[in-house]
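A short write-up of the structure that comes next.
Going in written order, the chains are labelled A, B and C, and every chain counts its residues from 1.
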Amino acid sequence: MLSVLHAVFVAPFADMAASPTFLAEVLIGGIAAGLMYSLVALGFVLIFKASGVFNFAQGVMVLFAALTLVGLIERGLPVVVALLATVAVMVALAFGIERVVLRPLVNQAPIILFMATIGLNFFLEGLGEMIWGANVKKLDIGIPDESVQVAGILINKLEMSAAATAAVLVAVLAVFFQRTRIGRALRAVADDHEAALSIGIPLKTIWVVVWAVAGLVAIATGVMWGAKSGVQFSLSLIALKALPVLILGGFTSVPGAIVGGLIIGTGEKLGEVYWGPLVGGAIENWFAYVLALVFLVFRPQGLFGERIIERV
Amino acid sequence: MIYREAGQFKTTYASDQAIFPVVQDRWVVAALLAAAAVVPTALASDYWLQAILIPFLIYALAALGLNILTGYAGQLSLGTGGFMAVGGYAAFKLTTAFPGVNILVVFLVAGLFAAAVGLAFGIPSLRIKGFYLAVATLAAQFFLIWLFNKVAWFANYAPSGTITAPPRTVFGIMVTGPQASAEARYLVALGVAMLFALLAKNLVRGRVGRSWMAIRDRDIAAEIIGVRPLRTKLLAFGISSFYCGVAGAEYVFLYLGSAETLAFDINLSFLVLFMVIIGGLGSILGSFLGAAFIVMVPIFLTNAPHIVGLSLPVALLKQIELMIFGGLILFFLIVEPHGLARLWQITKEKLRLWPFPH
Amino acid sequence: MRPPEARAPLLEVDGISVRFGAVQALQSVSLTIGRGEIAAIIGPNGAGKTSLLNVISGFYRPSEGHIRFDGKDRTHLKPYDVAELGIARTFQNVALFKGMSVLDNIMTGRLLKMKGSFLTEALYWGPARRQELAHRAFVERIIDFLEIQAIRKTPAGRLPYGLQKRVELARALAAEPTLLLLDEPMAGMNLEEKEDMCRFVLGVNDEFGTTIALIEHDMSVVMDISDHVVALDYGRKIADGTPAEVRADPAVIDAYLGVAHA
């Protein structure tokens, strides 16, 4: 009994203290992973913040964007042209989604919209695979996936660029939502579709804008993830990983997506390295969810989310 | 319909409350059940039984379970696969530890284990609603699969981690294991499905079902009436997981023969959710319709091109299947959120009036 | 209508204050509702009328004060416990269960009277069946009383507003409450519908002796059917007495009724 307590509450911390450079590497790895999660979560937050829809298909949009980009590059287009073409594709996709999915379901219960995005997820998955094929593809964006030594700690260049990208995106989006007129309109739409309509906010345009922006975020995410681990199917499962991030950070908070991602990323890495061996490893599969679950019980709206108030 | 309800007046509340108030409906359903028991057993090929009818009945049972939780009580769950896994593994451990116990009893006890797990993961549902609850169920799904993978005890230390259904008999007839005939397995699945459907129908049309629907529709008003939210939700979780657990046990013992955790992964959860959405949320009949639909689509897709003369690669078929599933979900949610069950109701109403338009 | 002094108090609200952050919804409100009377709560919008009902129902927690029901303190009960005490209510925005039929909605009102475990219900024979049918018979009497037989099986979400309000009343009555709280039961109704509703409210009070507290804006209704009127404004009580007394009260006229032009 005592040895179990020792193994859980003492030994891991002793390990951490014993090798601080290793700890730093694990932490940095965790931060980088966390920021990658944040990128995905950002896409969700955007759409949820602006339309009240939880877009389960965000993961697949990331995959779709990455697949399109890689596919076009493989077909010989120069990288910049391929990038612009992918942007066009994602914008077109946004139009399509608004027309086919969102417009007919205006003001339905959130759960219906959520399930619609699940349907969308599977549809896009099949479509993407059908068009571009199902094998793993390598994505080369010119930043090597190698590590450099900084003050005795190994840092991965690719992960750092991903982190920088995420930070920039967050800053831009935060300003967009808080300061601009469109941002305000988006927040109104998220609150109440019908009310927003009735005061003249052009719902259709707003939705296309939002989903297009989410598509751009998806491209950025897809590029980062794809460069790191290749463009393949499992990218769509990232959506599931983003859920705990959103719960911690709050569904409607852009900074929350970052903080949540960092907590989940570092938590997962630390947990896996220091506590994982106790239970045979691979706790990354469920650690994030259990963490989120515990969080939910004590603070259902997340760290930065808005309190859900129910009126009678 | 071919027959009309004219002239059938209900004179007692009992007759109005009956599951099939129209007398001819009762005859039809009874005939269908009898046919279901006799016809496939006598006539159907092994392929039909093994690949279509048996999985249909098992999925229908799981869909019933999920429908109770998500369709009637309004609690979204993505953990169906995990609960089915509990049922499957529990049944395996029980029957290998107590080989003398009747396998049907083993199924039921395995269901109880699943119910206990369901209750545990349902406790957060008082504080958490909607998507957040879905995340809690995802936690259940991933954690349970990991648990069964990691802890070799669950698979009786088999090196491959596979659990295999040992041969068991009921009334002297072999129903599980390699010797069991498809007909025997089919009849067991049919019996369980019919019984559980009846129990579910009785539950949902009475006090319990109304409490669930009250929580689903407007949980604050439900509290005012005296519904106790935690108790009601936990009951839904428990009963739903029980159904899914029994379905999971049947999945291994009557259908797959042997399984590993991959069989119960998140895709299974989504599959059952699709059945419930397409079949109709909050409908007993819908669970069956949805299961039938989902079972038939891949069969249709693999066979239809041959009939038309096309030959398509397997990978492409899988992709088309995904697109069709996704597209159908969207279609149903937009056109008829209450699924096939509602479409069936509308058809009946139109037939009642035919040939008049209204 | 019996004079207010002759009644035993059923509900005593004593110095109740309710605060939401900086907003004071109710400030030291005290009133007594006698057994068997019909009490009307009036006041401009935002006066705290619905908040008062919500506190009585157990939704809002008062920051100060007590509530006594039938002599016993019940300030901090949850809504379902309050329901068990015999208090039922309707809502301003009609909180029916849209997915269920009218009959099922009203049957949910009988929930607290239904005993039994889910196991017997699953089998639906013997005591479970008899109980279900007995409750059905009771609910049918309410349906007859409120004249909604024709819409029994209609899903509640499809009904017009006036009928929805009536179904909500039926659901509240199904619980056989001692105290019935009605939040603007006649809002949005035309003259005929209002007359019907008044008839029902009076009928319930007459036949079953149910004490009724209703929030109402139509002064003619208030004058006609209530025994006792309480006026609120900005979360405070500004008048309390018979309808005639309150109508003549200058504070009420200032805040709410306005002066009649000669």
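The rule we apply is simple: a contact is a pair of C-beta atoms (placed from the backbone, for glycine too) under 8 Å apart; a residue touches a chain by one contact, two chains touch by 3 or more.
Just so we're clear, the structure is a prediction, and the values are computed from it rather than from any experiment.
Distance from per-chain Cα centroids to the pooled protein Cα centroid is smallest for B.
The chain with its C-alpha centre at the largest distance from the centre of chain A is C. Remark: chain B and chain C have CA centroids separated by 42 Å (rounded to whole angstrom).
For this pair, chain A with chain B, the centres built from the Cα atoms lie 33 Å apart. Centroids built from CA atoms put chain C at 48 Å from chain A. Within chain B, the positions touching two or more other chains are listed as 220.
Within chain A, the positions touching two or more other chains are listed as 312. In chain C, the residues that touch at least two other chains are 59, 91, 95.
The touching residues of chain A, counted against chain B in their complex, run 54, 100-101, 104-105, 108, 110-112, 114-116, 118-127, 129-130, 134, 240, 243-244, 247, 251, 279-280, 282-283, 285-286, 289-290, 292-293, 296-297, 300, 310, 312. Note for the complex: chain B touches chain C at residues 13-14, 17, 199-200, 202-203, 206-208, 210-211, 213-214, 216-218, 220-229, 235, 239, 282. If you check the complex, the residues on chain B that touch chain A are 76, 124, 127-128, 130-132, 134-136, 138-139, 142-143, 145-146, 149-150, 220, 266, 270, 273, 277, 315-316, 318-330, 333-334, 337.
Within the complex, the chain C residues that touch chain B are 57, 59, 78-80, 82-84, 88-89, 91, 95-100, 104, 107-109, 111-112, 114, 116, 118, 121-124, 128-129, 132-133, 136-137, 140, 171, 175.
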